[in-house]
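In what comes next, chain A is part of two complexes: it sits with chain B in the first one and with chain C in the second one.
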Partner chain A sequence: MAKNMSPGLFIQLIVNALTIGSIYILMVLGLDIILRGTKILNFAHGQLYALGAYIMFLFFQTLKLDFTLSLILSGVALALVGALSYLGVFAILNRRFTVSSTFSYRLLLSAMASVGLMMILQQGTLLCFGTQELGILSPFPQILEVGDTRISLSRLVIIFLSVAICIILYLMMYRTSFGKLLRAVSYDPEAVTLQGVNTFWIFVACFALGSGLAGLAGGIIAPLFSITPSMGQNIIFITFLVLLVGGIGSYRGTIAGGLLIGLLLSFGFQFLGSAAELIVFMLVIVILIFRPGGLLGEAAE
Partner chain B sequence: MLLKINNLTVQYGKAEVIKGLSLEVGETEIITIIGANGAGKTTVLRAISGLKPPASGDIWFRGSKISGLRAHEIVRLGISHVPEGRRILAPLSVAENLEIGAYLIKTKRERGTAFQNIFDHFPVLKERMKQLAGSLSGGEQQMLAIARALLNQPRLLMMDEPSMGLSPLVVEQVGRIITDINNRGISIILVEQNARMALSLAGRAYVLEAGKCVLEGEAGALANDERVKHAYLGG
Partner chain C sequence: MKLPNSLKTDRVTRYKWIAIIIVLIALIVLPLCIESNYIKHLLIMACIGAILGMTFSLLFSSGLITLGAAAFYAVGAYSSTVLVMNAGLSFWAALPLTLVFTAILALGFGAVFVRNAGVAFVIITLIFAQVVVLAAAQADFLGGWGGIMGIPRPNPVGTVNFAAKTDYYYLILAMLLLVVLIYNALYSSRIGRAWRAIKLSPKLAGTLGINEYRYRLLAFVIGSTTAALAGCFYAHYSQNITPGAFGGWLSIYVQLYAVLGGLEFYILGPAIGAVVMTFVPEYLRIVKEWEPIITGVILLVVILFFPGGILGTLKNPPALSLNKFHSLYNRLVTGKKRDSNS
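Our next item is the complex of A and B:
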């Protein structure tokens, strides 16, 4: 297959891989913060991403706000949606659990509740924005040309913004007392309660932060892809896939997994067409057979 | 009385784990609760610290009722709980564990003083500040757990099995730390399977069997009681 691949095409495919890979990474970081912090496997995560894209459309395209400001607002709006979702769905569900509810029972029930939340968000989005595809005119339409290589600036901006968000997130998790509390609660909420921390609000914050990241991912990608009501469903499975491949609870694993799946899909679509997804899913099964905890996950030995 | 428990009942589902327990802790006193595995010792501590709300009965601390309050509120009133198995935050550094321990200390200056105090008593923690808490030895982890609890500036410290999994030499060291903390005017509830150690440290003791207090009294007297000797001291 490499015979007819020019260096220009190769570089383009790498850039494409980095673009989608960095979006996957943002999505998985959010999903992972929610999963480890609140023990909820959030199926609505893809829908939060879609809503982020719609809100980006609203602020940037309709209200003509500044690009960066619109993006920040998308993140904040989705963090708010996340916090309300936690308070309105999962916090109430949590009160129904008793000491005899096993961990897997809680995980299953909250996952089912998140499927319900996904449907509510999806229908809500449809009601507000309609069924037609929307598009945002990229504020960075320039194409960079070096020799026979053509790269759209838009994609480079997406990669840059994703990296910036990852760095900010890392600094927040490891340098601020808020981040330390999030990590501590993810490990042992009861031990943290015993230090006088009202962990309930940390759970709310985890859900808000994770949802905000999904909103940012949706907002960042909005100028590149068309915005459709089903965009959430398309990404949620890949997000789960990256989480499993990279391993739960490992930043390095998430980054490795996101880039790997990004590369496979980018090159796969070019040379195999729609069979690419099939190949990727099969490859993931093989990886999980040999490394059930993911490439670098907590459960990996 | 610093702490007073009246007729406490705790249930897990339909099972009654504590059945009508009454207990008192005086100012600057060490009491111990001994009993076999599953007697309900840990549950008593969890009920006091608010991790497990009681089914009935009430708990009073310094004259106000604390049963029904949530765990994070009870800590603020001056009861610290070192839970069973230490429960240190293994993936966080020792420094981060202590920072979370100092959550209730709001000003930087007070925090500095509190940390200095901790380092005076546990110099080994100062050397280990940057290390992950999970990489500490069992004894060091226990010291971290105790240090973290002391940062809440408690009037009453509850310790669940502090000797668990430690070598005899370290158990002795933990015993000295407990006496030392008590000498600073902090009351202690010690829950132990190692009844010999517990009875040597405590002033008074309660013997728990299947959720009920079957025997209570002065620790020295209980240590010589035939039933206690037979059941808990291997004699």
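Our next item is the complex of A and C:
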């Protein structure tokens, strides 16, 4: 492993950073939509990501479907899983809360419910698919060579797909009335109820949308990394980290945070080895000393 | 005037005293009736878990949800180990030094963390727990991922040398009782009332002249120092520590103790929850790979249908009737609001 920086290596590291960064961004966007829409800190989010990768494996590798089709299917399947888990768990939990329930009580109980969900999902995935690592043969095995730079096409496809999903999400959130409803609910659900909208199904939609994004992230990354039942636990810490750095409730912050953490981890692993993660985590704490609400977030509630 | 439950301080009535004495005698006699070393091991781990759960409840009583209990638990375990093994101090000298060290550390980090309330605080403490694990794994003098082996048991006091599990059980039980006494005194003092006021409404507490930041920071420091105490006793009990043992998910189990036992009960709740969560998964090992699923389902059932936890449900037993299920069905499916009679 070359320790000195050649231009080829530099470009390769940038591409790696963009790849993992775009996956983090998709994950955090999903987590953020759930957090702000339904006020649930979803610990099961990483497990939904792992499940997305497994469903991608099922459709693409086992059933030999088209790549784009199986990606869309894994997103839809996870949105369904998310909607069902909202209806089965969080909808009942919400009815338990009364006016006098404090904010911290609601937050704790919904987070703990998502931990229960995470345990069930994780072990369920493990029982269904086994403990062995699975891999998907990348549909884009070509490697682009420009000078001494070698970039695998599948990484570029991942970046392209993530950008496309982000743009679609942006258009949905800011150009359609449905997106307006979602944003309104995350701002003030009671005001939305007063306008005569049944917020219950909007909450379901929020959770389904967030879960679907996690599923898409898992499906997109599946051809690049091996699929293991523990992949969800590994990514959830970094997802929380990006959420914190970017600031809760800021899309621009999320994108900036995802790219920043992607760059730091990509370059860190190359030059610092296994200490990279520790240094990045410490850096986040330093950022929080100076900007408690995150890079671009509003001050925390 | 009737105060809301969360503002009432628990008055220890005469019957409660009798109950407390019976429980104490039971706890003291218990290890003498048990032959199995395995059960004694679980009892010791349950006591350590109970102390950790109480630190969570302490912070929760001021409205903070911490996932960082494991972080200071690890700090306590590692610093006591280093003081005993590298600096050659006796356990009883290392213990207060560890507590002071952790308190200073908690004050420094807490000053940054406590500024963020709500969701951000949850995530920061979770990440901090992960940072501590990664840092311990990177430091060579702490043994890296392999950890430290051969930590001695606490130095003998008189003729008791703490080598037997029964002796260690009594030691940890004494520590648990000490923590219970201190916490009980805190909860019934002005400080405890200030914490509960902040939890109920930070803004209202502020208008009453309670400095939210300072009181929360105080809760953070006390909670973290207690977690370090538990860590100390864990390290010298298990005699080897690895960074993996303090991973971020440990904190989530600590939360579980408090939720399962009952969030309204700051002392008894985590204690009962820790005992249940230590013993139940061990016996569920029979069903092997289904164990996490069953634990998850139990957790969900408790949260969804008995949100008061074990103690809360015992205190206010739910009136189960067909009518209630019918109205639940109505509420969920037709989206109708709560009936006026429920």
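The working rule: the second predicted complex is superposed on the first by the 296 of 301 C-alpha atoms of A that agree within 3 Å, B and C clash if a C-alpha of one lies under 4 Å from a C-alpha of the other, contacts with A are read in each partner's own complex, and residues count from 1 in each chain.
Just so we're on the same page, a residue touches a chain if its C-beta (ideal position, glycine included) is under 8 Å from a C-beta of that chain, and two chains touch if they have at least 3 such contacts.
A quick note: this is a predicted structure, and the numbers were derived from the prediction, not measured.
Visitor: Chain B versus chain C on the shared chain A, clash or fit?
Guide: fit
Visitor: Just checking: does A:123 make contact with chain B only, chain C only, both, or neither of them? Give me first, second, both or neither.
Guide: second
Visitor: According to the stated criteria, A:100 is in contact with first (chain B), second (chain C), both, or neither; which is it?
Guide: After superposition on chain A, A:100 lies in contact with both partners, chain B and chain C.
Visitor: If you stack the two complexes on chain A, which partner ends up touching A:198: first (chain B), second (chain C), both, or neither?
Guide: both
Visitor: Of the two partner chains, chain B (first) and chain C (second), which one does A:184 touch, if any: first, second, both, or neither?
Guide: first
Visitor: What is the contact status of A:18 with respect to chain B (first) and chain C (second): first, second, both, or neither?
Guide: neither
Visitor: State whether chain B or chain C is in contact with more residues of chain A in the superposed arrangement.
Guide: The larger set of chain A residues in touch belongs to C.
Visitor: Touching A:281 in the superposition: chain B (first), chain C (second), both, neither?
Guide: In the superposed model, A:281 contacts chain C only, not chain B.
Visitor: With the C-alpha centre of chain A at the apex, what angle separates the C-alpha centres of chain B and chain C, reported to the nearest 10°?
Guide: Superposed on A, the angle at chain A reads 80 degrees.
Visitor: Looking at the superposed set of three chains, what is the minimum CA distance between chain B and chain C in Å?
Guide: 5
Visitor: If I apply the document's touch criterion, which positions on chain A are contacted by chain B in one structure and by chain C in the other?
Guide: Looking at chain A, the two contact sets intersect at 100, 198.
Visitor: In their shared complex, at which residues does chain B touch chain A?
Guide: Chain B residues touching chain A: 12-13, 49, 51-52, 70-72, 75-76, 80-81, 83, 87-92, 96, 99-101, 103-104, 148-149, 151-152.
Visitor: For a test of understanding, state which residues of chain A touch chain B in their complex under the given definition.
Guide: For chain A paired with chain B, touching residues are 98-100, 177, 180-181, 183-184, 187-188, 190-199.
Visitor: So in the complex, the part of chain C that touches chain A is made up of which residues?
Guide: Touch residues, chain C against chain A: 4, 60, 63-65, 109, 112, 115-120, 122-124, 126-128, 130-131, 134-135, 138, 199-201, 248-249, 252, 255-256, 259, 263, 289-293, 295-297, 299-300, 303-304, 307, 328, 331-332, 335, 338.
Visitor: Can you list the chain A residues touching chain C in their complex?
Guide: Chain A reaches chain C through residues 35, 41, 43, 87, 89, 91-93, 95-96, 100, 102-105, 107-109, 111-113, 115-120, 122-124, 126-127, 198, 200, 233, 237, 240-241, 243-244, 248, 274-275, 277-278, 281-282, 284-285, 288-289, 292-294, 300-301.
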